[in-house]
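The structure follows.
In this document, chain identifiers A, B, C and D correspond to the written order of the chains, with residue numbering beginning at 1 in each.
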């Protein structure tokens, strides 16, 4: 494939995904297209539950939403051959190209999901002006995962075209549900990276300037997202107050005490009860209460500490009011320490690229949370190297903003730097 | 009007109101029909804001709901001549018949509103079998106010027919929004009973057996219904937790401490936070929180004590978290001590009625809360006598139940006993 | 014994006990004197652990306090023969006189303990003026138990003198630690009343006017007194906040939620956290916290309900903060319903007594809590009759006041009424 | 003065102070001796309230304790001439030596107070073995302030002996009550350093190895120590629960919510409620409650943020329960950023000293809190330079430990380094 063509392809893919944004565990149309392209390029495909542990999927939408979206995907251009594989919302894909020559297994992670945001339609918004803005309300690729998916397909194209020059195996991981840090763990638990020597995740933007490159981003906070439910017993508050088991009070107590979790001397923590909904009538002892909670920690063990305290508090608050409770972890991510040696390889590739003006070997800038950290952790624990790099781009507005947009000029260099890293790792 | 005819009329009216249930401050169709009938019978009419203080209406639906219901009322048989008077949701009516002879002013209160309940349509449910069950979903006359309105119109008929035999003035008060104890106060504050010598409120059912009669019900608990809102400042819980003003925490604290309001040594209290809703996202410090609260007290001063504590607690909880708050009283009722002398008159009337098997002069049985107590209080404070009587009837199911139904045989005797009380009070 | 002499004796005994007040489970001097007198009068004696279940003594002082008081008792005129029996703080006595004639077993309960109050020494205070006020600071007979003990000995004298006229058995129970409702349960559990047909407890004063008599007091609230301890882990609040297990927070949470225990629809409740002490330094996460709690209920099952909620809340609060807890019940009493037939007998005896001006068969006046209710409950459960009567007297100041004093004229009539009840019960 | 002599003097002074430890605002014996020596050396003296703002003394003991200690000081060797100046507990001293030659004003701060710790008397404890351990129980120089005072006197001696070689003014500040960070602010507010060009505070030990030196310690956390009192209304919890204003509940709420103060995104915070004491009896609504609180912040503004939240929470908790409250700040300290240029001067002096093996120009090691930061802040704000240096020494046990002891070999080098800094600053 000629570079000119590839560049056009990248933009075309990206705009197609941008027009049809799909949120976590519903990336059916996207995944069907990715699978079709990878298959055509000669990659061996592993799809859906083959690469996702059901038990470790977090925050997956319910069956109704999944079924409804399936029909939407079919009506909106999903690939008919592959769509069946993703009908149940397990939308992960691993495409492997085995060069049949001895060499390392190198994996790349691309995330595919969009956000519950209503994209702007004003003239100043480039996707709107060019007519590739979101085709549906309240969903939008406002974080750049449309670009990531496109880059992944571009990398697949280059790898396939240059297969003869390569050795070892190339694994391209297309992950669902990075938003809310929900999807990575299920792929790791399905052993997707257990054979991987080098692992590279990447993100576009995140405040890194256009044509700059960060080879290792270490600033991720570990996080846990928890949905908590209390189930008590309703009773008439005037007639039989003593017969109620008050879920609202359990939830209020839990909330208050969760904020009171002690600071940790070894690093920053965050804790929030973002939502509390309890009760169904003024004069009824509330039998149901729901909390949406998020913890963060400067490293995984600090976040684990906060999460343990949350569990104690919720359990104690439920015991106080003799109500039942259920804690569901609907998202989770680790902190990470990227592998210097691998970052150095990427850094060198970026420095060699004609468009890159500045590179940074490693950054500690706080960058929220990312569940690619599960892959990084798993690879490093097996002795492999892993890093998380960032391709700087010009942003029209911040991530998760209705006016978010990238500069499409960043797509091709990103593909080329990743491809170059394979060459270097093969050579080393 | 012959008794035979009146009995048929009572049933016809009651079934019409039953088929078109309207909830508090939306009784437009009902009120338009009541006004038309009273007008035809020669009663002087005072309508809407003439008999309701805007400032003292509690828990009135918003403009949109009111406007929407107005159109429904027009489409569903409202009286075209009178409907305009009630378009804004002030649906109270006072019909006065002045005999032009010297004598006392005697007032009767009838409430007109229905409940947000979905009426059963099973064959065993008499209104369903007979085809006069609710014509709309989620609204139902499940407390008997359809019967009350019908009795009020029956009494108007008897009074009009027998005008020559009577002296003084007869005032028939048709009150909106008794459910939630929201409507009476606004009519009292509009001076509807400031000239009243005798005031009689009545209810059908409430556990009193068929053909039994209670001349004075003293067991009402004073109550306050409060909606509370906390307004804080949202901030990103990970990025700038110190910038938030946490409305969820203010609400959780208020809830917990409201339940901790001390018992009162002089009588029973009740307090409930029935609903708490706060926050809009897992990772955002919640800037909004809402509580639905209800207090009760064995008498008005005890309820007032509880309400004052609620106010202190809410104000303190808001101060803790530097958030604003607003308490809106959306319903309120007093306790009462009926006038023995007036109860004795009614008791005698009931004992004289051929259908009545047993009477009770005064009962302390707990009967929830009632805002007719505002009328009782106002009349007694001016030196008048007031009572709250109950017409026993056979109930198919408890009040506020989807299978609730009365025995229509109770309608005519109820009218006749009330009418008889006028004769006796004129004679005394 | 001539009545003249008995009256003098009663005053002499009462003043002796008044001068040497002993608090709960330390009534060693008192008990030694009681035992000596009963023994001399021919009563069969059961002492200390013979009539008290160790396991059911609540709120007993520790060994050091007990030992220290023992020496005080010896130095302050305790009876040398009997003091050994009470050295360990088990100070209960049962004296039984068996007439050897067939007849009922009739038991009387007298309590012996004083209060931790510093008696006034002002001239206006009769015991001070007459020189029989408390010989030690911070202890005082401010509730009349000195009179009760004296009445018990007076009754013993009359019974002994008139043994020939009596049938059945007479049991005189001298109970420790009624204050704090701590001592009765242990005597009941030692089967002290398992053979009793008639049981009569009595109190002087309690607001009943001089020369009035109440034959049955039913107004006692059931109560539980609990001491709660939380044990956590201290840590430096600046250096290692995450290592602490915060007992102060567990106690604060427990306190707040204990007040929030729902009202009970079947009767009044009370709950109080009277004391909270936690922590040992500003900069240390508190590892210890203590609560003093009291619950009350209109009847025993309602109090039991409150107590159960306390237990849930304390257990939940401890779980929240991962601290250990211990709840010790240090006092407890039941509600009671006196036996009408026995009350009628006492009422008749009182009506016959020349000094009594007015009697009341049964009163529901709230009278705090009393652990004689354990005896009443046990006797009634075995089919016996039991009552709690009150001898009205003139009080210089309210019970538990430093100026409390009774009118000693009440002593002799009290003895005579109790004696008369034996005669009547023997005759019936 | 010959060095040999000075070294002996330093040890003699230090041991004298060690034997007679005096806690904050009670350093009367110590101050009287310091004043006498400085006076003898020709320093101009400013004493007590001349150098302390009454209004800004925090956590000062009450009058009784002060008076009692005054007598102790007199009986234990206080200097008779100067003791009167410190009788009221204002024990600060500023000794100024004006060389009458143009030059900078250089100030040194030495703290004098001991701790409420019972010094060990075991043989292994050097002060005990040598017989100079604390002469009284529960007070001990366990932080090295005895050494500091001795070093200050040593510096005074050197300065006086070498007066001719110096220019400008030398100010020696002897500060009370550094423990609890209570005394410095009052000296700053009395303008003690408003004319100072260079300010040097110092500490011995703090984990810096023997013969090491840190020229600038920047790791102090800002802190506030607060005593909080709630005043409510007592009432009988059984009889009149509604009449109480519950201080225990206000305190429990305040405690819980104080721990829930949000983390700050710009730096670490700490918050602790170390003690809570409330209530006086099981059955009484508590009318008094006390909290001991400590906040910390990575810098002064972060600590100020925490303190403001504490104030809101306390005020809100009091409002909730309609109780009064009082917050007293009983200690406070700032964070600091030492002046590099002045640190460089000291570092050079230390490097030149024969005993010093290693120096550190600036350290961020967390070192708790210090109120010398008030002096540093005031001097820097006026354009002067200020630093806080540390003389490493061998510690027998950690600071605030009953076995704490320094190596007295550190005394003379400390004096000499400080003296050398004057020489250098004069020369520059």
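Assume contacts are C-beta pairs under 8 Å (C-beta built on N, C-alpha and C of every residue); 3 or more make two chains touch, one makes a residue touch a chain.
The shown structure was predicted, so the numbers you read here are calculated from the model rather than taken from an experiment.
Across the assembly, the mean Cα position most removed from that of chain A is the one of C.
When the C-beta contacts at A-C and at B-C are tallied, the pair with the greater total is A-C.
Chain B and chain C have CA centres that are 52 Å apart. Distance from the chain A centre to the chain B centre is 55 Å, each centre being the mean of its Cα atoms. Chain centres here are Cα means. That of chain A falls 69 Å from that of chain C. Listed for chain C are residues 241, 246, 249, 253, 256-257, 259-260, 262-263, 270-271, 285, each touching two or more other chains. Taken in their complex, chain C has these residues touching chain B: 256-257, 259-260, 262-263, 268-271.
Residue ranges on chain D touching chain B, taken from their complex, read 239-242, 244, 246, 249, 253, 257, 260, 262-266, 285, 305, 312-313, 315-322.
Interface of chain A with chain B (complex): residues 221, 225, 237-238, 241, 246, 248-249, 251-253, 255-256, 259, 270-286, 289, 292-294, 296, 368.
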